[in-house]
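Paired with chain B in one complex and with chain C in the other, chain A is shared by the two complexes that follow.
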Partner chain A sequence: MKKLINTAQSVVDEALSGMAAAHPSLRVHERVVYRASGPRAGKVGLVSGGGSGHEPLHAGFVGYGMLDAACPGEVFTSPVPDQIIEATRAVDGGAGVLHIVKNYTGDVLNFEMAAELCDDVEVASVLVDDDVAVEDSLYTAGRRGTGATLFVEKIAGALAEQGAPLAEVARVAAEVDERSRSFGIALTSCTTPAAGKPTFDLPEGEVELGIGIHGEPGRRRAAMASAHELATVAMEAIHGDLPLAGDLLVMVNGMGGTPLMELYVTFAEVEAFVRGKGARVTRSLVGNYVTSLDMQGFSVTVCRLDDELTRLWDAPVDTPGLRWGR
Partner chain B sequence: MKKLINTAQSVVDEALSGMAAAHPSLRVHERVVYRASGPRAGKVGLVSGGGSGHEPLHAGFVGYGMLDAACPGEVFTSPVPDQIIEATRAVDGGAGVLHIVKNYTGDVLNFEMAAELCDDVEVASVLVDDDVAVEDSLYTAGRRGTGATLFVEKIAGALAEQGAPLAEVARVAAEVDERSRSFGIALTSCTTPAAGKPTFDLPEGEVELGIGIHGEPGRRRAAMASAHELATVAMEAIHGDLPLAGDLLVMVNGMGGTPLMELYVTFAEVEAFVRGKGARVTRSLVGNYVTSLDMQGFSVTVCRLDDELTRLWDAPVDTPGLRWGR
Partner chain C sequence: MDIGFFVTWFKDAAEQIRLRRDHLTELDAAIGDADHGVNLDRGFTEVCKALEDWPPTAPAQALLTAGTTLIRRVGGASGPLYGSAFRAMGKALQDPVTLPGFAAAFEAGVVAVQRLGKAAPGDKTMIDALAPASRALTAATQEGLTPYEAFHRAAVAAEEGSRATIPMRARKGRASYLGERSVGHEDPGAASSALILGALAGVAVKEATKEVD
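Up next is the complex of A and B:
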């Protein structure tokens, strides 16, 4: 294993130092990443968080039009309740706070505990569980939360920025999750700094279909295949769960180690599949957004848009990881 | 080798199809990527290009405030003169065209030939040669052009957008190159789709110091070391060539396979080094911008800013790969 780190123990704090140094729009304090501008009175605050190693998720999505704070845990490890409590109190502008929680047992427990302990702040919560690959998994009861987290953070963030009340922001956040589905495929394992060796073995000629973002097993192993075939497997799984129809927001997401050139090849296949079903990709993202350290592979996330969601997706956003149109 | 492709022969065209499908702001025609909005009368046109496999460079930097067209070659192979001629004629808005050329023998020859054959268009050219690692290399007479290409494209692009004449745009482009230096370190080789095996062998415990963006050899092999030590090697090489002083634009660039978390750790080290020399990082980029397929590793590029260059760096840009403040 060769990693650009100093020690496995210090990697998260040092990465956060680097983020703070690179982005004056962010402030890092005791393992919480905030907007440097602080909370805005009357605006619903958005807090997310989860294990590190998925960058730019979540800390890279703190900023105008998206999150108010992110709580990074250790690599692939939930943040602790104290971080979440600190973040929740700090970003409350008097209109309450929405917790955006990926459906992993540790995250769910720790966000719930933090919400209970923040009895001075009105807290609502949305659970993201978009991954159609498996029903339960190593770290999850129910579906895992993956790529749709970005969609929820972006769309709920836009609505909060426009001054919507907490109940409305929470309602739309849950609607985005309900309208979104994901499926991931790994070509290689990832390697955590602490373990120093691949999380799982994946032979040269095989891929893992339905991989989780921590390297949890998916549906099955299969022989390595073309971009066309792999994109088809992912899209059939999504289409089988929520039929593709109408206007779609589609993300082809790299797991961290796959070149952008290959993600564009994959996007071309995904877009052709969507057209073949009579639907349309009207908004898209191609790149590394919800990663698994150095894993090679991709995930596809699809959200069925309506006019309101399209308008909120298009609203200005200004974060290190996603930025347009301010 | 596992790659998300269909065939090695079709990968470039399919990736371009994916780009066009993902970005309605782009138009792809016969292996040239244009702004869909077409040339603007009276604006200097900017054309760049080079081998594919470095995405988002160059096609991802086509758009408002940056390039007017990009000419992608095959993977790690120069574009042919016909592409460059086509692009040059198409983007000329009557004010002439600037060619931005990385210093590789094939690129230099093909851009020169294209410029000569475009005798109906006023063409100026800037050669980017920022890599301090080696004086000559496998594919280069003189220094290689790497990360500073992005700086030249961004800053010259802003100036062109503001209506500056060709001579002025070319002068500032050359000034950015003169003020910029880069150094790269590889932790692993890259693998081209056509070869199907790593371009070079790099044992588990070693790194290549001064790597080129095609996997060309650097200065020397060394034992794998900490992010602090590797960042120090890169920064000493840059500082020894152009002393760090004043306000700096600094990019910590991933080679394609390195997680963003590790790039932020590296940026923290680079920023501390700069402070230690009494200089300041006033602008920065951290991410995958000038890549080498799936290579793990990083490069640092530093540009000594002045007020004019800072203002041009801050000017609005709206491309798939770089976007802010429009």
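Up next is the complex of A and C:
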């Protein structure tokens, strides 16, 4: 496997240097990515983070209308409490800070520890757990947090920008999560720089159904099929969990190694499926947003919108990874 | 068991983890995201460095330094879980260290992991290696065995506990998302716990040999 890197150990720091150099709106210090403009008095601060390897998540969503800071961990490894504490204190504008946490054991533990140690800042947390591929949730750590993280960061970010109090930002963030569902399919494994070989073997004729975002194997294998069939598998799984109805925000997300052409083919199938159920796609996103290094494949995330959420989704945003209306 | 005993334990554990780094990562690749060996190697290397930079003044302090370093440097689930375990052990450990005192402190460490990770025996986690090791230590204490014998039994119990995770279905952590597909693979957290207990037994052998000399 060829990788455009210097050393596996230096990948994360060097990527962050490059990001800071490419985007003057960002400031990177001690493995935390901040808005260069600093905290705004009276505005709720938004902090998220997680393993590196999901770019542009999370650092690419730092900026006006979204996050105030992101804490990138090692590749596929959650950040440590020190980073989260630094970020939380630095972005507090006196109105408190919301932690947006994906439901993976490591992320949950490290954010919990950081929140406990940050007793000088008012901290609220929202747990994102949108992945319908995870069954038996009574006996497991619960659903994974995947694509809906972007929806939560965008919508909560817009509300925070408008000056809403912490409790209100946290409530809307949790509501976005409750209204969102995701399902992912991998056509290939991915290769972490440290391991240097694919995380799992996936023969040419097979796909993994129900993958997360860390190159972990999915729920089961199936034969490779057309975009129509694969999109239908993903949409049936979502529809079976939260019936598609009304106005929907739909993201067809690339896992890092799939061309935009194929994502648009997939989006056409997803949109037709939604129409077939009598619902409407009123807002959409197609591209690489929550990736898994060089994995080929896609995930679909659907959020049932209402007027308030639509208005907040449309609000201006200005980050390296998402930008409109400003 | 003096300060040197604990520093040697961490150095040997770091060595064992470095030697078995790729194996741990392969176990993790089967049911997780293939970073357990790499992360623990980085963490234990940092622990050795911290113990050199800030030499502990008591056995308990060696454990606290190790635990804090793992929490601050590793990330993921293994950082907080191992870090909290060593910190809880450090807080419970009385000086001078006796075998019953060590066994009680070890038990406190296992309780901390269970509380933080919300995992129970049989969930296919590091608890499946740590809990039997703790029971073996306590039993050995009651039987009046030497530290060498007690740590050897604990290491064997951890090893057997780790192997016993192979047929289990994961209910906690990232492997739980695989459901039935997690069956048939040894849990990487249990495997690394067994390595750390193996290092403990190894240090006890060194100590026992030293006494004979």
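One rule holds in what follows: the second predicted complex is superposed on the first by the 320 of 326 C-alpha atoms of A that agree within 3 Å, B and C clash if a C-alpha of one lies under 4 Å from a C-alpha of the other, contacts with A are read in each partner's own complex, and residues count from 1 in each chain.
Heads up, the rule we're going with is that a contact is a pair of C-beta atoms (placed from the backbone, for glycine too) under 8 Å apart; a residue touches a chain by one contact, two chains touch by 3 or more.
Predicted, not measured: the structure shown is a model, and the values here were computed from it.
Student: Any idea whether chain B or chain C touches more of chain A?
Tutor: Answer, by number of touched residues of chain A: B.
Student: Applying the document's definition of touch, where does A:Glu74 land relative to chain B and chain C: first, second, both, or neither?
Tutor: second
Student: Determine, under the contact definition given at the top, whether A:Leu260 touches first (chain B), second (chain C), both, or neither.
Tutor: Touch status of A:Leu260: first partner only.
Student: State whether A:Lys3 touches chain B only (first), chain C only (second), both chains, or neither.
Tutor: first
Student: Is A:Ala170 touching anything from chain B or chain C once the two structures are fitted on A? First, second, both or neither.
Tutor: neither
Student: Once the shared chain is lined up, is A:Leu248 touching chain B (first), chain C (second), both, or neither of them?
Tutor: neither
Student: Once the two structures are fitted together, what part of chain A is touched by chain B and by chain C alike?
Tutor: Common interface on chain A, chain B vs chain C: 75.
Student: Give the list of chain C residues in touch with chain A in this complex.
Tutor: The contact residues of chain C facing chain A are 25, 29-35, 38-39, 42, 71-81, 116-117, 170-174, 176-179, 181.
Student: Taking the touch rule as given, give the residues of chain B at its contact with chain A in the complex, in rising order.
Tutor: Residue positions touching the partner: 2-7, 11-12, 14-19, 21-22, 52-53, 55-56, 60, 75, 187-188, 204, 207, 224, 226-228, 230, 256-268, 271, 281, 284-286, 288, 291, 293-294, 296-298, 318, 323-326.
Student: Which of the residues in chain A come into contact with chain C in the complex?
Tutor: It is residues 51, 73-82, 104-106, 109-110, 113, 133-136, 139-141, 144, 192, 194-195, 199-200, 212, 214-220 of chain A that touch chain C.
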